[in-house]
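Listed next: structures, encoded as structure tokens.
In what follows, chain A forms one complex with chain B and a second complex with chain C.
Moving on, here comes the complex of A and B:
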């Protein structure tokens, strides 16, 4: 068959990612990390990596294992590595967090945890990038969405390698001047490559394919979409170039980063214009909840990037523009992630359960696996809490921030519960729920081997 | 089989295929315009040419298999051959109103 089959371990990636999202938000509600500690405090570093690797990283890798074959209409290469990669990433993250715990003097932890965790993460993300890149390379020439993913994978590799150098320096394993300079000056580039390069460019690419699919909008690549790719590529090249510059001259200026931010702003404006056009040109007039929730994430993307470029707004956003980074991570990346999970989980569950009996018995629609009215309340609470938490960071009110976070955590747990209900087919009317011959899906373990 | 009989079987096949829905859109694949061609030769061998809304969709193989199973049970069909194509690519304009 030309194209994609079901990815066996994607649901396990999603389950682990959701767990880390709950843990990360729970840690913040408990008062750990920024703004209760400095931006560069070990507690903050641990929290940031739980969210960036545990939640967003696992979510994105799991989604790409399923959707890169869809983007290029070709089978995934090296699919057997999916489980080892998941184990490497989870164990690497736990060691990394333990290593940050060592830095914060939290109990008797081995100093080797930080470099060992970095090694496992480099191996895990390296294998994931290799699987996905091999799939893309074999399917050239690539459609535009897949080219975004290719760019995102390059940014992933750069992010992980820089992070590994940081881990070696912080643990005292390496003490070279270059590595120390990179640690002192390279943290903004590391964050920009991870959040802007890897996670955002990849999400943008996948959305250029999924939005037309779900809304029945025209799929052909527009000039503005190509400009988004070129602006993203140029911004990525500037950030990587600055890191190279740091190796040669440790007084490297901030100019390239500022210009990269400007390019990111232009790319964001063009991308937002594209998603508005897709919405207007859709043939499917009924707009499902996953689409409505995705557009709320686009608003967060627009606001966070545009305000980040305005010097006054960034200065008011706290240390390192923390309030805007928060809006970017939870409004844009997490909001979009939850919105797409709300579609992908029922869709994959439907295929798993009803795909093999289609044509023989009556089956429900994918939409019958969810209850939108209740879920829309969770999404409203989620985005409202993100807005309130962002406002509290601007106002430097730790108390209000924590209160908003608690609501955000409640909404997240509510949405995850809806995903669990979809997996258990709880919303499907009884005559259609378990037709004869239909396999019952496991909560997060893989589907049967013959469907791989 | 006479030409008239073949036409009758083709019609029966199209009717039978209406029980198969596209899981995402929730409409049957005939009204969605996903069935490009149906023919039956004198030996009762049915040929169905179909597509899916998206190239590379994970549901493609399930839909193709569902069509094969469904056509096989239509009276007058001895064997069913299903071909998946993306030439031309499906567009929303192909849906029946």
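Moving on, here comes the complex of A and C:
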């Protein structure tokens, strides 16, 4: 039967993700990792993976467990794996970070933690990708947003496998020429596949569905949106192709990567044109905060990608274009993630709590679960702090960077507190808060099955 | 099999000096998936052919007694397939809807709230019809949980989702 129900463990994924976001920003405020250490120092690697896997990865998997069934109007396959996957990913990440931490503290290889962490992460992400892919395959032909998710899952698998090879080399478990070559040349590809392929293509796909829904804009797939998909596919194929080429010839040319970056730039421009068009064609004139905050993320996406392609700007952005990568991760991916959480968490809570009594008793509106005015201040502070932190990285001022990050951390904690209030229904006026027959949601655990 | 075409006679409206377009569009919106519309008019309604074509209907017009015209609009086969709850058999034999709701301009999840509230007001076996701007994915399991049957699909332009809900026994 068509239709989608609440994903049982999505809130637990979100809670873990938010926790890792706070931890990640907290250790940056404390002066750990880049720019206080090198871009490729173990400290930076630990920090990057707390954010990329702990925050963004868990956020995205949790969101997809809920929204892939919505995208294809079919139930999730293998839903019982959701909790084991969460446990695998969290324990794998902790081992991985522990492995990097050991390297940083002792300057030694970590023979056990890195490979074991990689094994758990490969298993966890592999199972997550299998559940989501099986759901997609069963629902073919796929609408365009779901095809973006499919592409993102391919990129996820590639990212994780390459990462696992890195872990094997860094721990001294494997010392083959190919694996070493991959580690020396493949790090930018690993990052591009993870941040650009997996996280960005998936976010783009889901946004093509969610933006029209929240703004009442026309939803049919446009030619430009299809072009974004094709450009994204081609860029992905180029990056994966070059990595395969490295196996045969360790002097593989940089040409494919430059061309992939160009394609990514074109895809970004087309995507930005699409989101502007959706905004113009919306039938809902007053847009909610989650939409306004998402458009701030689109600005960050546009700036970070376009400046990354301009050689002078990238050179000024520090080692590996660090300032622009920062803007991409915190302005675009994290900004969009927080903006959508701000809508999704109240909505899912509302459905969980009031779904079974809708139409029978008076219930609050979804927007009654949050305080928009206060939250909009947090979002302003957040994006202001991201802009300041990016500027501080360009200016190579570690002190200003930490100061900006402290503000960014405060804004994030403020927004997370808002999400907690939504879960606790604390903003809902008393007579409507707990109608008779409505279950009380737990903060981040599912309601027991018999109550559903 | 497709349900029998719905009939609409706009001659009385025109005779009394009224404008039948609104009535025609309401009738079209209320058509069940796959259902046609048989229209009676005092002239051959040429402009309407264009409008209906854009909504995915073909037409066959013939002159009848007294110089009036009978036009049969039939949906083109391009409409999306009908989805239905597992227990919704023979949805084309359901009674005519007791309630019509146009929810196309409402933000989600308001359409879901309105449909569930309207379904509460129905007597067992009664049917409601609603138009939405998107497929109400989260509504389907809730209807099934409450023992209501439903059948629906997108219209030919894929911009409006049409759903019939038949109330189950009061639970």
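In this text, the second predicted complex is superposed on the first by the 442 of 452 C-alpha atoms of A that agree within 3 Å, B and C clash if a C-alpha of one lies under 4 Å from a C-alpha of the other, contacts with A are read in each partner's own complex, and residues count from 1 in each chain.
Everything that follows uses one rule, which is that a residue touches a chain if its C-beta (ideal position, glycine included) is under 8 Å from a C-beta of that chain, and two chains touch if they have at least 3 such contacts.
Keep in mind that what you see is a predicted model, and the values were worked out from it rather than measured.
After superposition on chain A, the partners chain B and chain C collide with one another. In the superposition on chain A, A:66 makes contact with chain B only, not with chain C. In the superposed model, A:36 lies in contact with neither chain B nor chain C. With both structures placed on the common chain, the touch criterion links A:220 to chain C but leaves chain B unconnected.
A count of residues in chain A touched by chain B and by chain C gives the higher number to B. With both structures placed on the common chain, the touch criterion links A:362 to chain B but leaves chain C unconnected. When both complexes are overlaid on chain A, the residue A:259 reaches neither chain B nor chain C. By the touch criterion stated above, A:5 is placed in contact with chain B and with chain C alike.
Among 7-15, 43-51, 61-69 or 115-123, the region of chain C with C-alpha atoms clashing against chain B is 115-123. In the superposition on chain A, chain A positions 1-5, 69-70, 73, 213-214, 216, 283-284, 347, 350-351, 355-356, 358-360, 363, 366 are in contact with chain B in one complex as well as with chain C in the other.
If you check the complex, the residues on chain B that touch chain A are 19-21, 23-26, 53-70, 84, 92.
Within the complex formed with chain B, the chain A residues making contact are 1-6, 66, 69-74, 213-214, 216, 283-284, 347-348, 350-351, 354-356, 358-360, 362-363, 365-367. Residues 83, 85-86, 105, 107-109, 112-113, 115-120, 133-135, 137-142, 144-145, 158-159 of chain C are the ones touching chain A in the complex.
Looking at the complex, you find that chain A touches chain C at residues 1-5, 69-70, 73, 213-214, 216, 218-220, 283-284, 347, 350-351, 355-356, 358-360, 363, 366.
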